[in-house]
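Please see the structure below; I have some questions.
All chains are identified by letter, namely A, B, C, D, E and F, in their written order; residue positions are counted from 1 within each chain.
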Amino acid sequence: MLHIINKSPYDRPALDSVLKTGEGTILLIEDGVYAAAKGGAVEPKLKAAMGNFKIYALTPDIEARGIADRVMDGVLQVDYAGFVDLVAENKTNQSWL
Amino acid sequence: MLHIINKSPYDRPALDSVLKTGEGTILLIEDGVYAAAKGGAVEPKLKAAMGNFKIYALTPDIEARGIADRVMDGVLQVDYAGFVDLVAENKTNQSWL
Amino acid sequence: MKFAILVSEGPYTHQATDTAYQFAKAVLAKGHEIFRVFFYHDGVYNATRLTTPPQDDRNIVKRWTELAKANNLDMVVCVAAAQRRGIVDDGEMQRNGKDATNLAEPFRISGLGQLIEAGIQADRLVVFGD
Amino acid sequence: MKFAILVSEGPYTHQATDTAYQFAKAVLAKGHEIFRVFFYHDGVYNATRLTTPPQDDRNIVKRWTELAKANNLDMVVCVAAAQRRGIVDDGEMQRNGKDATNLAEPFRISGLGQLIEAGIQADRLVVFGD
Amino acid sequence: MTTKQFMIVNRKAPYGTIYGWEALEVVLIAAAFEQDVSMAFLDDGVYQIKKGHQTKGIEIKAFEKTFRALEDYDVTKIYVDQESLAERGLTADDLTIPVEVLSRAEIGKRMEEQDIVLAF
Amino acid sequence: MTTKQFMIVNRKAPYGTIYGWEALEVVLIAAAFEQDVSMAFLDDGVYQIKKGHQTKGIEIKAFEKTFRALEDYDVTKIYVDQESLAERGLTADDLTIPVEVLSRAEIGKRMEEQDIVLAF
């Protein structure tokens, strides 16, 4: 299933909470995209999660936050059209508010 | 100075963030009062902080959340009138939103 | 494919409505259908015609209404959430003895059942909130 | 002692307004003065007279207006925040070409400078938000 | 009417925000539409169903009673995350309604089986 | 007019919510009232002044330019928490304005000296 995360991993437990569910696809949007940035304390956690989760992040939100040049390898970027595709491809989605 | 915290310590870094400032007085209100509950993962942290911080918690918020019977020793309870007194006694206050 | 969208936060304060709008546009651009956009919690504040954002800023309410009119979207505001927060149409004004309305066209106020129905009828329901 | 209060969130959604109200009552009960209550961000939604909360729930707008009238409180809504969010008085209605108002009495709409002035004039400024 | 699986997920504490209460309104309506409704409580959401809310002092309506009425609406699939309880020093005995305590992975599986997951 | 010390504290990321922008409006007004204004950036607030915001895709106005105008308003006391930067893999070079990087304890001391601290 598709887990949509719009919260900064430094401010909220949403990402941690999703990772504990075991496996699936994650789309980082809004302040959630900070989890995709290299060099921070969250990097090892997201890297480790890549074994069980496919990680996507929304490009317009990455660009807005000035982190386009530091997106981690293995994070797949999508635009709003790609967001729609992800929702369509996954029978179930959940926004972790 | 008086630090007012209205966020659950399990959901937001507000308490951690205040503790790093070194010393002062903390008033836990709203969802912040969960930090005053015994038995949870936050208990050791708050206990350790009691050396540098005086810890108050708002009784009506404690009662609303059903944790009146598990407030940690050393946490001083106040009502809204006591809240006003704390603000009056401290030259500076900050709400950690 | 048939999509439904739930918007749970008000305009400007949270990016949720912005993302929901961009998502809705992308859904339509891909040739999918939008069964309904439902506004709940503070999301009901998207439906007031009384906003005047700064000239150099996006006009969130206007954007929603234009998208809805151009694509014949069903934009539903939860009545219970709207009552708590002061979003009023003619019917609500009369029922609750108010002296003004603020609902923008083509939003309509209806029950929370419309959200459940959207969940049942659409192939996908996506939530935008905080 | 002279207090000022800043309310940054709307009614019902966040407890901030409830706590601010209880705090304001306690300030007055202790014989202190309230120089001003300032409403910023989503706090401006506290100032609409169009809400109709459920019968068995507190009426947040009414509570504020009654407290203000009984104690002659100055309740100021930030104009920029109000414009973004659709809180309108007669003056704003005319200036921005709107067809209705929703501001409750005795709230008044004014500039953010009123917050700074409250900070300067009061001995203590306390913020309630999210 | 088509029946779908709706799961309502609570991750926020009560009273600090209204989301828990407005989530419960969604549960009741979904049940009235005879959908297959379940609820999951994770993270601070477990505090929603902690026993003994006394809200007189904050003047906000307590909704413990509404949780206890869920059974009358045939909402009986109520899942609680074991780890979230433990982190907060709570057990199932502290909760106001009977629940099924599950591991997070197990809850993840139930989420995956749903047609619609609404998280608050 | 009386001059007081106002500190505006930013702890939230930009764009996800409006608080950072509305905080900046407070800073500008306080400066216009000739108050002694400082700003502190902690936790996710440090992202507010990260360089290179390109917000065309989300259609929300970037406010990097406004931060760079702060000097014209004589707002020059800008403190950033060292630990918050480090946790996010950032350094002062990544920021769009010159700042004073301080330990959290040092920022705590500056907070204590204020008359008014407004956190967003």
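As a working rule, contacts are C-beta pairs under 8 Å (C-beta built on N, C-alpha and C of every residue); 3 or more make two chains touch, one makes a residue touch a chain.
Keep in mind that this is a model prediction, so the values were computed, not measured.
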Margin query: Under the document's definition of touching, what chains do subunit B and subunit C have as common neighbours?
Written below: A, D, E, F
Next item on the list: Enter the angle, 0 to 180° in steps of 5, of the rotation superposing CA atoms of subunit E on those of subunit F.
Entry: 180
Item checked: Pair joined by the larger number of C-beta contacts - B-F, D-E -> B-F
Next item on the list: Determine whether subunit C and subunit D, two copies of the same sequence, contact each other through the same residue numbers or different ones, counting it as same when over half of the numbers at the interface appear on both sides.
Entry: same
Checklist line | Between subunit C and subunit A, distance of the C-alpha-averaged centres to the nearest whole Å | finding: 26
Next item on the list: Just give me the whole-number Å value for how far the CA centre of subunit A lies from that of subunit B.
Entry: 33
Check: Which residues of subunit F are in contact with two or more other chains?
Finding: 12, 15-16, 18-19, 43, 58, 60, 115-116, 119-120
Checklist line | Contacts with two or more other chains, residues of subunit A listed in rising order | finding: 6, 10-11, 13, 30-31, 60, 79, 93-95, 97
Item checked: Sequence positions of subunit D contacting 2 or more other chains -> 12-13, 15, 19, 22, 41, 57, 80, 127, 129-130
Note to self: Taking the top-of-page definition of touch, could you list the pairs of chains it picks out?
What the structure shows: A-B, A-C, A-E, A-F, B-D, B-E, B-F, C-D, C-E, C-F, D-E, D-F
Check: In the complex of these two chains, what residues of subunit A are touching subunit B?
Finding: 10-13
Checklist line | Residues of subunit A defined as touching subunit E within the complex | finding: 1, 13-14, 17, 20-24, 91-97
Next item on the list: Would you mind writing out the residues of subunit A in touch with subunit F in their complex?
Entry: 6-8, 10-11, 30-31, 34, 37-41, 43, 59-61, 63-70, 79
Checklist line | Partner subunit A, residues of subunit C touching it in the complex | finding: 1, 3, 8, 15-16, 19, 22-23, 25-27, 29-30, 32, 123-124, 126-130
Check: For subunit F, which residues are in contact with subunit C within the complex?
Finding: 15-18, 58-61
